[in-house]
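Structure first, commentary second.
Chain naming follows the written order as A, B, C and D, and within any one chain the residues start at number 1.
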Amino acid sequence: MCRLLAYSGIEVNLHTLIFTPEHSIVKQSFKPKEMRSGVINGDGFGLGWYNPQIEDTPAVFKSPMPIWSDLNLPSIARKIMTPRAFVHVRGASIGMAIAATNSHPFAKEKYLFMHNGVTENFRTAFMRVMRRELLDEYYAGIEGTTDSEHIFALFLSNMKRNNAKSSDMETCLLDTITQMHTLAQKFNSNVVLNLGVTDGETVIVTNYSTFPVAASLYCAENTVAFPQAALVCSERMFQDPAWEPVPPNHYARIKSGAQLEVKPIGTI
Amino acid sequence: MCRLLAYSGIEVNLHTLIFTPEHSIVKQSFKPKEMRSGVINGDGFGLGWYNPQIEDTPAVFKSPMPIWSDLNLPSIARKIMTPRAFVHVRGASIGMAIAATNSHPFAKEKYLFMHNGVTENFRTAFMRVMRRELLDEYYAGIEGTTDSEHIFALFLSNMKRNNAKSSDMETCLLDTITQMHTLAQKFNSNVVLNLGVTDGETVIVTNYSTFPVAASLYCAENTVAFPQAALVCSERMFQDPAWEPVPPNHYARIKSGAQLEVKPIGTI
Amino acid sequence: MCRLLAYSGIEVNLHTLIFTPEHSIVKQSFKPKEMRSGVINGDGFGLGWYNPQIEDTPAVFKSPMPIWSDLNLPSIARKIMTPRAFVHVRGASIGMAIAATNSHPFAKEKYLFMHNGVTENFRTAFMRVMRRELLDEYYAGIEGTTDSEHIFALFLSNMKRNNAKSSDMETCLLDTITQMHTLAQKFNSNVVLNLGVTDGETVIVTNYSTFPVAASLYCAENTVAFPQAALVCSERMFQDPAWEPVPPNHYARIKSGAQLEVKPIGTI
Amino acid sequence: MCRLLAYSGIEVNLHTLIFTPEHSIVKQSFKPKEMRSGVINGDGFGLGWYNPQIEDTPAVFKSPMPIWSDLNLPSIARKIMTPRAFVHVRGASIGMAIAATNSHPFAKEKYLFMHNGVTENFRTAFMRVMRRELLDEYYAGIEGTTDSEHIFALFLSNMKRNNAKSSDMETCLLDTITQMHTLAQKFNSNVVLNLGVTDGETVIVTNYSTFPVAASLYCAENTVAFPQAALVCSERMFQDPAWEPVPPNHYARIKSGAQLEVKPIGTI
């Protein structure tokens, strides 16, 4: 399991977003409160952000080190303002290699993608079958060994096959979940798919699990600490009445900067 | 705070020593039971061991990564047999840089040294004064920024100044604790000095603290899991009636391979 | 391009093998003499060795750092004696990620494998087709993104499909080269396949290229510096009349410890 | 020896500055043309830059890896615009540890500092004496083991002792060179002091050596590739008539953004 954070709103300083909240994503890496499995999230970290003044593709900074021990992150984060950011701290599933290429978020074209969850029997059962569904360009672009990166490639293939526009991200992401659900049934395996995707404008984060108990996920809009912005995070980052759970089988969507909505995933 | 492990006895496989115990040093890095401060020990790790068939200086393998995520350690540890080993997982004090040069154990000549503890106000108060006491060769050899490495250099300077033989390690280590105690009083600061030192033959691990509550330390001789050997560790590594605490203001000494004794540090 | 070194013979100290020759594999990493493409080999390194007293699988130590800057290698190499070792310094092809999982040698079961060379258009053309030929267990075991690791998986699949014994390594490795040659023709691409494989007993290193000019490869038996041993290396490691080239379309085989033979690959 | 680059002028994209010139600082790391000693500069790298809209202290990004193999640098550099930047690729002197804390530039308060050169016998002769001259706050702030970081601390102590303003940087840097020169005579050792310092406004880069042949250093103003800007670099980054050498015993100073002047260091 991992912890993830998505921000969308007025330009925020990355250092403020990552380090200052009482139960920040950094704190969630070494002292998480709501982990269903695992103990800590010290198996690498990553962040992605946009600078729309320059170009519409995201910047990505990833490492196999724990987020708390990176010497560069505090310094560079202080100098970056951004309207859209993903931050992820990884708690690797057993047997998954710890490497920068396995840290989230993953970036391709203008999209960022991250995942908190698990695909049981991924390498022995899912991987080979999932790869058959991938378009060549996304197949060839896979650099690591995680289920997460393959789910992202599946999503991108769905988008491309449907000539999808950014406005179709929602549909294509839910299709991806359906595909994973079908494979999970076929392989008699469980999946936890808290998936975050953004095109630099709209942000979507799902809460989906085939286990009876789903992973934690919260969202908040227009908090005191981060006004004119919406947040989605695996755990509540600070005390504020605005936080509400994203229930299992639902997803949070942030549009037009900071407009937050929670919607059902629907029958799969 | 950190966790440390010393082994002395018949040749042991390093993988068995590090990974197989139920509450192994690896487990103590991400799920310690008796930490007085800090939560985990994921700020680097290191091990040192001897191969007396080749030479009397130790091999050292250190990393700024958590011990649980190193890809090489499990593989190389499986192929190494050794009669004497130190293993250390670091939980850095706040403000201390995480770097391989700050991971323990430290090695010089035939000696290995490691530390679980803290020196309050080390950089602002102790460091400059401690350095004045160092012989040039040990002064110039310091590569990192920890109190631990400076305490080791103080110990080595004590040894050299007294033309000390290995048999004088005990005296010189206790002298080092006395020096630190004196400085602690001068600077109105506390120190925790669980110090391990070995020359490849004799192993000494102290339990010393100026706080009312000392750090945990245990030792065991001739256990079922590791027969004909003695162990000293910050926490009990497995259930065995042989484990006993090394009380505050005492130290454990292992001589002639596996002969364990617990002795008082005495009045300082 | 990369540089590689294979050793087989009486037990050698790894530090002596890696660091002491005048034109050592370390020197070949930052100042190679016979590179056909690229300038240096600073994109990671790795070594694999056997300790037959303990078990028949190899130990592997790999890093994404240049071999000259690793702080641990000199220390641990001094303490290791081994009768069989592979050492590799990587000069990554453009666009290939630099990561420990992409460093050589690769290890599986009792085998070690390394590669100096290139597969043109690997990710866009060869990869997907090669993977179809892989048995599930070797398919699932791939952790990096190199052509080299895929060639190894192809070799292992050939071995398993033929119920091959170690004595069939030669045949299965040449079959692998034939498969790659066929794909190279199909995709109108060139390959350079200086491949090293060992089961811990026999060592084979090929010199194969579809380019007019092959990569350099040399071998030597019973040199003054390393008596009772055979060496295969991308460049001559020191002056000694025993060094001779392994010509293009040939391979070197070391049997029974130090018995060296150079044989033609034959018509493919 | 190392290679260094200073930029001052209108806002530049860091990716353009670092990667696009024909003989970029990246190229100078693996294929330098004018090295007096050493072969490559693959022992770590670093960059520092300013974002005056946010605060007047610099951001720093440093690594022990070669600049060509960092996976994050190309991505984050693309998203950063800055009016003032230092970039450094390190070729460590023999015996100097390769670590992020030893990579340049060094940052303190609003200052950045970098060094191409050497201090012979630094650790055995200069270090202890230089440290005596340091104010406590700069003494305690040293994190690595390089002569460079100590020279920076000496400069900062000179500044603070003289209540110096930014406009006194020049005087205090030349004083620092004088101090080093005096020590060099005392210890019968040579020094090469190509030093770069900036407060985020003015940039100064010296060319000083006690050897008969100094290190290379060039500067250029208002080039076609980087208009309205001044550059100082160890080697010419591209063909442009604007490049001119900074002669030995001289320094380049960039004021008011892009106003370049070359001045003599004078008699020391």
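Quick note on the criterion: contacts are C-beta pairs under 8 Å (C-beta built on N, C-alpha and C of every residue); 3 or more make two chains touch, one makes a residue touch a chain.
These numbers come from a predicted model, not from an experiment.
Touch-path distance (fewest steps) from chain B to chain D is 1.
Per the C-alpha superposition, chain A sits rotated 180 degrees relative to chain B, a value rounded to a multiple of 5.
Distance between chain B and chain C, defined via averaged C-alpha coordinates, is recorded as 39 Å.
Of all residues in chain A, those that touch two or more other chains are 71, 97, 100-101.
Within the complex, the chain C residues that touch chain B are 13, 49, 51, 54-55, 57, 59-63, 71-72, 75-76, 78-81, 100-101, 107.
Those residues of chain C lying in contact with chain A across their complex are 97, 99-101, 123-124, 127-128, 131, 136, 139-140, 142-143, 145. Contact residues of chain B toward chain A in the complex are 30-31, 39-40, 42-44, 64-66, 68-69, 71, 92, 97-98.
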